[in-house]
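Here's a structure for you.
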């Protein structure tokens, strides 16, 4: 029998990445969330925050890039499993010896990576067309923050994908989850503006720590120590999600086999 | 004594369905009702039954996609419920149909992806994909997107996919559905070749001639229960006492069918549509002697040809499932 | 006279059919989530950015603008789904073949969405008053009502046009989302029209909602119906123009479809 080598598992993840990438390239709905929406948000935020001076441009780039990442995670990553079911390919995937978590990880990674491109797009739009200076304060910390952000969001996507399958009517609710994260995680304005009772909620959301780290590394909104603390939080969350996902996936896949819900046609 | 590769023990599967939005009523449908059978190593085993008999549900349980409501099944000694992961790397399955493939990807990319999911070494995969494309007749079309494939081509891609990891056990759920006669014949030959390569195959179908042509043993299933289990020859022997009279008619009123069915010499009556005509197939033990009595019942109706013939496996099947069609 | 009766009947039939077809899947929870909560989250987001930008406590400028966006959401998503959704439900061919006056049917369908939009607008203002201390004491109720009515009519007209575009392309949701964001951008909800570059101002003046928002701001600040009448007149005209454009586009589409014998016309 084919044993599950580490290399083999890596291949599963990479090819899932590739398949998702290809599927997304022709999906208008996904592309909107990945490319167009962040650009529009960027433009609006840029204009609204004009009076704060040209140094704010980088803040807007990062912030709108983050909105793109979250929207993608919510609408695309979250539907990793439900999308396969709708496509009729969930059964062949579950029926294979590969771990569903690995497959979902690859898929969400693809979506997030594509979404990062939107951040690059905002960057280009704003620096080239608007002529704003875009200096990154701590380049090293910035790169580290990007990597950890991607990792933390993908891990969160793992959990989201399983929740989407567990909660039947999730489709009706996801629209209301899009902007609250933009608000609570301080993407385009500091959460200090929000009522105090929301702060604990912000702390519980991993995108908040991502925003802290990224804004800190580019605009210097927080000290280096606090950036490193944000890193620690992102790593903690990621590990927690990975640990949680094992039991969660086992449970939902078993449940799906009992309920005959691996295929929409029963 | 040949080893049992697949052992099914009293397998049951109940579906619960709920209808209604405000007042929800739930219904329980017993799809598989206590099925027991074994498949020997290297055997080509058939699960034969009409649509809705429980064939696909049984196969889904055996391929670890459904959890049985009761009973158990093992494949090569591994429990399908509790050792699902190990089972999955040893089996291949084909459910066919329009779904189950990535339409925006090419046939080749679909195969590459699934090969990776089965942990097939990339070099081995490349070679095997090449051979399989040849085997299923998709050579030259593999770089096209699946969305442009015909139904038959998709079916053949499904089959190639099931064989990527060279599994010892194969489950084929109605594999020739949607194929044209030539394609279906080629597929049956391919299945025979697989069997001679020492693979154990469980095939489901509702085509009796297909089961007869391919399978070494057949389990006839209807309403979730196995109503007969034997070799094709033995099954045909169950109807050896039978004679079949086929009467061609142009329009058969149901009352006439009932009257004929009520005759003492008649075992079973089925009505089949062939082109513009309808054929009443009567199972009786008297054969040619029964004809006059039958014709008497058809008083007034326009009658075409009347044939008396030997029973086929199809007739045995009809007798078993009670003339349902 | 007979024709009038028949047209009126078709008008209402279209309206009811539209409502039933689209909202058949609707449950109170979905309505609340998508019409009451989701637009609120967008409002909160932009109001806070506005507050961050202006550094002041008075967010009424942004609150009013975003409250009116509530009306757009109905007009856009509702109407475009109604027409773009025709394709999915396969009832389009019946629309073609019907000897009924298409105009009557179309406008009938929009009626429901106009009423729905007005409800949305009042919900928006309600949230503004509740959460952001929007002071509505100086507003003339009649003027407000008329403004709402005219504004939702014109956004429904835009929706009709968008819906017909949706017949041609496959990505209805892409168009919906795009138009929604473009309205946020150009209508003066968040960015003062006068502060935009010249070419963008031209766009702002040509689309629905802009004058509706401007009128509402005047009314909330104590202005009377007479003051906003010129604005509303233009708003109404724009609504008519978009409705007619949508109708013509539909006829073009219909002729093409009949000629080619298929709904995949372009």
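Things worth noting here:
Going in written order, the chains are labelled A, B and C, and every chain counts its residues from 1.
Operating definition for what follows: a contact is a pair of C-beta atoms (placed from the backbone, for glycine too) under 8 Å apart; a residue touches a chain by one contact, two chains touch by 3 or more.
Just so it is clear, the structure is predicted and the values come from calculations on it, not from any experiment.
Chain-level centrality, scored on Cα centres against the all-protein Cα centre, points to A. Centroid distances from chain A, each centroid being the mean of CA atoms, peak for B. Centroids built from CA atoms put chain C at 31 Å from chain A. If you average the Cα atoms of chain B and of chain C, the two centres end up 54 Å apart. Here the CA centre of chain A is 45 Å from the CA centre of chain B.
By the touch criterion stated above, chain A contacts chain B in their complex at residues 1-5, 8, 11-12, 15-16, 18-19, 22-23, 26, 87-89, 91-98, 103, 254, 257-258, 260, 262-263, 265-266. Of all the residues in chain C, the ones that touch chain A in their complex are 27, 29-30, 33-34, 37-38, 41-42, 44-46, 48-54, 170-171, 173-174, 177-178, 181-182, 184-185, 190-191, 195-196. Chain B contributes residues 15, 63-67, 85, 88-90, 93, 95, 97-105, 109, 112-114, 116-122, 161, 165 to its touches with chain A in the complex. In the complex of the two chains, the chain A residues touching chain C come out as 28-29, 31-33, 36-37, 40-41, 43-45, 47-52, 169, 172-173, 175-176, 178-180, 182-183, 188-190, 193-194.
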